[in-house]
Amino acid sequence: MMLLAIWLVPLAGAIVNWAFGPQLKRAAGVVGCVALAVPFVATILSWSAATQNAGSAVGMHQALFSWMPGFDFGLLLDPLSLIWALIITGVGFLIHVYSVGYMWNDNAIARFFAYMNFFVFAMLTLVLSDNFVGLLVGWGLVGLASYFLIGFWFFKPTAVAAARKAFVINVVGDVAIMFAIFLMFAKTGSTSFATVFGHVPALGNWLFLVCVFLFIGAAAKSAQIPLHTWLPDAMEGPTPVSALIHAATMVTAGVYLVARCWPLWNASHEAQLLVGTIGGLTALAGALLGIAQWDIKRILAYSTMSQIGYMIMGVGVTAYQAGVAHFFTHAFFKACLFLGAGIVIHELADEQDIRRMGGMRSRAPVAFFAMFASVLAISGFPGFAGFFSKDAVIFGALEHGHPWLYVIGIITAGITAYYMFRLFFVTFFGTYRGDLDPAQVGVMNPSEPAAHEPAHGETHAPAWLMGAPVAILGVFAVIAGYVMIGANSAWNRFFAQTFPSANLAAPAISEGWTTAILFVVMAGGIAIAYVRYATPVALADAPARLRAESQRLPAILVKLFYFDELIDWLFVKPSQALGRFFGSIFDPDVIDGGVRALVGFNTGLGTLVRGAQTGLLRSYALVIVFGAALFAVYYALQGAAR
Amino acid sequence: MPNFITHEDWLAITPLLIAGGGALIVLLVDLLWPKHAPRYVSLALGIGVLLAAGAFAATTYGRSYDAFNGGFMLGGFAVVFQEIIVVSAIFSLALFGTFGRDDRMAGITALLLWSTTGAMLMAGAANLMTIFLGLELLSLALYCLCGVAGRPASQESALKYLILSSTASGFLLFGMALLFGATGSVTLASLTLPGLTANPLYWMGGGFFLVGIAFKLSLMPFHVWSPDVYEGAPLPVTAFMSVVTKAGTLAVFARFAYALPHGEKLLLPFFVIAGISMIGGNLAMLAQTDLKRLLAYSGVAQAGYMVAALAGASALGMRYAIYYLAAYMFMNLGAFAIAALLSGEREEGAQIAAFRGLGQRQPLLAAAMSFFLLALAGFPPTAGFLGKILILAATVNAGYAWLAALLIAGTAISLYAYFKIFRLMYDPHDSPAPAVRTSAPLAYAGAAFCAVCVIIMTFYPLTPSNVLPLVK
Amino acid sequence: MVLLLILLPIAAGSVLFALPRGERLWSRVIGCVVAAATFALPLLDPNGGDFSARWLSRPFTASLHFSWSGFSLWLVLLLALCTFCAILATNAAQSRTMVALLLMLEGGMMGVFTARDILAFALFWDLMLIPPFFALIEWAPHRETAWRFLIYNFSGGLTLLLATAAFGILSGSTDVIGGTHQFAGSWAPWIFAGFAFAFAVKTPLWPLHTWMPNTYAELPPPFVAVISAVQSKAGLYGFIVIALPFLRSALVEWRWLLVALALVSLLYGAFVALTQTDTKRIVAYSSLSHLGLIVLAIASANPVAIQGALVYIVAHGLFSAALFLILGYLEEREETRSVLKLGGLGAVNPKLAGAFTIAALAALGLPGLAGFAGELVILTGVFRAGYFWPALIALVPIVLASAYMLRLLQDVINGPQVAALPRRPDLTVIEALAVAPLLAALLLVGIYPHALLAAVMR
Amino acid sequence: MHANLLPVALANYVALSSVIFFIGVAGVVLRRNPLIMLMSIELMWNAANLLFLAFARAWLNNAGHIFAFLVITVAAAEAAIGLAIVVIVFRSRANVDVDEVAMMKG
């Protein structure tokens, strides 16, 4: 019963908001928050039930109904899905509270909360389902929710295009998982986790194929290398959306999938290699791309991509516990960073380019302190949450025999520290550059302010609505890591039954030398950022330095490694050309042409036959005599033959 | 001294006597009438005579008797053919209600009655002489009937028909002579003598005989006369001719084919030209502008279908051929009735263009015409469809699969050909053609009657098993 | 009772012709009542309503044998529902003629779906082509479309007849639907070819589909809704009910050709839909692609795939009917079907936009709606039947589906408001009521398709 | 068969009648004057008559003779009607040429 409550309450919230939207107006926010609070509380209450093993499997299981013969649905809450449910509902609740403030003046607030609740419902479906088809249903619905929310301001053409791009790439992921389901169904005859993981050897040589296709699904959702182009564009949506979906929950669905299917990964070494490498490369690419961005939300988007690269690398190299740990901590500090950025943007009436910000310390103190803690956490500063989880992941890579992944991890950690502090210093230090002429600070095409719908009444949202969640998240960004200290930390004990003990490597603190290297590299990154942006002399002529940096940014980074063009050129253009060819040339000319030719040929034959009618009597007589002659010849032959 | 002509013999030929005698009576009445018997008097008299002949023939339905020691077959499928011939004769007389000049109507009726007699004689003919007699009686009367309409084209068609038909009869005669030489007797029964195939006379005779029959059935190479004659002749005569010549000749061919014990070799070329005419007839229809010419080519194709039914001399084949002939009669006469309504005084209306936009002007008429066309094309709910399926069944069972394939191909082509008219009728975007001749109540009645018959035949398909006795 | 199901709509249709030409209200009321009756009738007696009368005895025994059970029950209900919604949605100038033709169309198709005798099936197969043809003649801007529709489908009808005749002759009787006697023999491949050609023209399968886009684009919306939703299923119904049980050996023989054609229509429909600018053509080509998937399921002849096909047939019926009705409303409001000129409707008519979104999402196979249920199970079955690569290739159109369907959806309802477009009122109650049952059914089948299958399995 | 009664062998009769027959056919096809064509038709019919008589004599079956009488009467009737039609057709025309009578074609 508790499981149903967790699962269905957000859906109820969404329906209420959607149906009674216009009447509710701002009250929809309250409905939304309540629809999140209830499942959060329910998850905590069912904490104990989820952790001790009921019967064979660990956690609470609730069978629902048989969707199709051979496909039965059910809900499962075990430690892994518990962690995810907690983050979704917990961080989700905070973000909902924040959104009430953020969307205070937007008159489509009801629709916004309807979509947000629907998203949480979809994410819970994904996380709580006990079989792959249920997971796929959740996967698709989550993609739909992100489509709605990215394209929330549907009068902005860029938002509409971004929403479609996100959805199509997500469908690629859906389709890949579908194929994995076929493979599993063909070999094991069912799609529920229990049976599939119970008969891993039955998959035989298709095991690697299953892993690959599952990973493609994960990569599409978690924005890994080839399928990551939708994430930066997804920033078109409102900031709380970016916080909830594109930082804390949805993008980590891929990590959840790989973690959930750890028996498959354990059995196939090549799959581990593949996932680990892709994770590492994504981390590095995300970091490099992060350097060259000026839009505050895009920087955070690339940092999300990079951090998820870490998580994927973690679970890829079978250091599941480390990967999930990084997810846990990352959810807090990344949500805090996004919400903080939201406050800054809100403050500057939707200005998102950090070159036109500066000196925000005084105007948004809460954001300043919370983001300061989160920036330290994300760089992995000792004592902050990120330090423990990032360190565990990087060390996990080394421990599980991927030395060069370890090296990539270290380098990325350094770059992460650099661009996060670059963001921090440029936004909060120095003087406010907003009223300068954009060209002075190197902004070539200043984005005109978002064509907001005419907000009704300029009443200002109560300050605490946006400040409190940011503060709480900031606190968590610090303390979230403490639960992982030590070999048999609470974290390890929590996951004892879920993952095999071999993978529960103790976090690196015991291995002093790796932590030291990590600290040195991170400190170096911060130092460089400090020198470039935060020294008093740098702050003085900040506009000139920023303008100089804007001009000489390497094109390859600005153009995002040309991934967009590559995908466009490789897939979009040819399919459109093919479509035009089939539609306008093949259909009318080839097929219909053929039919017309057939008809023409027949009519031609008809006129030929008609030609025999010359009207002349004697020609008729000739035709008849000719026919009779043929007959005579045939019969003469017959007669002679006898 | 054996009594040569028994009561049964008289019974057999009474329908013919009624028809022939009736013609004389019509002429006498016309003679005695002060100036000229008015149109409806001669027509009524003609129809009365035909009804009497038909009724009498029906009474002899059950029996089958070899009248005039092998000269004339009574009963059996002969009666059915006679019924079909009488019905189409009555139909064309009804059509004459609005055609031709008053003063000539008596002559026309008489000629028509005589040609019906000839056809009925052919239907029952069992030996070469009666076949020839019936054939010539039918043809001679038709030569005159073709020339009856005042138009020059009508005279031209009469001339063409006369000369070509006589030439074909010449071939037929020559064939009969050779057959007589081979078998030593004129009766068709004699064809079953053993050892015939060794005699070259038999082969040549059979060949020339079949040429004559093929001409009359207007199968492909010998069909050249039919388009011109159909177009030239007055519409009622064309209607009459298109059904009756096929019926009579089909009966003769059936008796000839079924009499041959092992006739496949002899009849093969005949079925080949039947196949060719199925394809050629339909193809030629594609490029037609005149309705009567189009129905002429359709007749060529339909003749091909009917002959195909007789392939392999199977008992079932005979039944299906008769069923299809009956269905063809109703469809064809229905189409001609509608054409009669559409053609103006000088019959210039018989062009296909007359059908343009008919859907708007005369929806009922358009519906009737499309129904007949769909039937001719073999569209399901009509008897045409059922007939085609029966013929398909017969040919496939008789092992002539290639003939069945040709039938299917022909039907496909005909589908498009008939649709061209269908399309003209229902094209709202075209300018409407001249008005319709509405003063022809008999034609309306005829069309309605044919439509009803076609529908009846679909759902209660005269299930051949109970209506038609086996070929005697 | 089944006779009532077939003859009632046809009778009502002809009665409606008696009404004065311009009349609008009464014809729609009668139409709805009759359609509702045909929906209720089968529910009263789920698998029964048997009627049989002797028709032919000579070459082969054929009888006018009608009844509905199992799969045909669902198609009958789908047909009744779509007709009801279509009639509710008609408010064109001559709604009297449109409603009359719709009812006759429904009668014809009832005959097809309830026929238990292949000859009766063939008879009604041709009869159901007449109403759309007259609708095309009446309302289609180009005459060419009407004739192409007629000749393509009739040639299909012709081969169907010939195959029926051959089947009847060689197996003695055509009163066999429902039974499962295997028909072997040297002629089996040819008979199957006849049936397959007719069904392929109707479904439309790839090379024989050129009649479909123009017909769907130029027919009035309520008509297209019924035809795309149900008439195209007649072909698939034929495959499942005639080809599979009786000519399975022939089907197995031709299966690679069928699989190839299905894949081509899948990809072909998807690619062309990407580049079309006319809203109705996009949906038309998308249905070419979706139906290709069902043919793939049939070609694989795998039980799981067939179950998926049954669900997907009903699902496709529902969402294509809904889509075409909604596009019809759109066309009425904005007088243009070109995607380039439309835009920004979301703000002006939210209800229309909402309905359009749900229907479009079902069409692209969003999990949780009916489309996904069918797709997933079909491809699982096809994969299990050993078609590794076809199943993989069949996944590409699903991605393309989301691309072109979203492009259609967004070009119409999202984006900045186009000034040139007239601002029309949102959906009226009747229009909403016409689409609501379809969307509700979509949700229901999506969440719990098992109910649909349970009825069929019995 | 009584060979001695027949001074001329049967084959010769068949040959003769065939020759006559094909002369008739040639006449119909080649000559343009309708009267000549009618005469050629008569020729064909009489060739058949000859054959009938020859075989009747050969088989000693009188049916042949009766048939010959029948053919003669029918030929007469056909000639009468033929001439009548020829007169009607060519009354209004300048010269008697069958090729001019070609109004209907196609």
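Brief remarks follow.
For clarity, chains are labelled A, B, C and D in written order, and residue numbers in each chain start from 1.
One rule holds for everything that comes next: a contact is a pair of C-beta atoms (placed from the backbone, for glycine too) under 8 Å apart; a residue touches a chain by one contact, two chains touch by 3 or more.
Everything numeric here is computed off the predicted structure, so don't read it as measured data.
For chain pairs A-D and A-C, the one joined by more C-beta pairs in contact is A-C. Chain A and chain D, compared by their mean Cα positions, are separated by 99 Å. Inter-chain centre distance (chain A to chain C, centres taken as mean C-alpha positions): 37 Å. Our note on geometry: chain A versus chain B, Cα centroid distance of 80 Å, whole angstroms.
Between the Cα centres of chain B and chain C there is a gap of 46 Å. Contact with two or more other chains is made by no residue of chain C. Along chain B, residues 159-160, 163, 167, 171, 201, 227-228, 416 each make contact with two or more other chains.
Multi-chain contact residues of chain D (touching two or more other chains) are listed as 25, 28, 98, 101-106. Inter-chain contacts, as defined above, occur between A-B, A-C, A-D, B-C, B-D.
Chain D contributes residues 14, 17, 21, 24-25, 28, 34, 37-38, 41, 44-45, 47-49, 51-52, 54-56, 58-59, 61, 63-64, 66-67, 70-71, 74, 77-78, 81-82, 84-86, 88-89, 92, 98, 101-106 to its touches with chain B in the complex.
Of all residues in chain B, those touching chain A in their complex are 159-160, 163-164, 167-168, 171, 197-204, 206-208, 210-211, 214-215, 221-222, 224-225, 227-228, 265-266, 269, 273, 280, 283-288, 413, 416. Residue ranges on chain C touching chain B, taken from their complex, read 55-60, 122-123, 126-127, 137-138, 143, 147, 150-151, 154-155, 157-158, 161-162, 165-166, 168-169. Within the complex, the chain B residues that touch chain D are 128-129, 132-133, 136, 140, 143-144, 147, 152-153, 155-160, 162-163, 166-167, 169-171, 173-174, 176-178, 180-181, 184-186, 201, 227-228, 231-232, 293. Note for the complex: chain A touches chain D at residues 610, 613-618, 621-622, 625.
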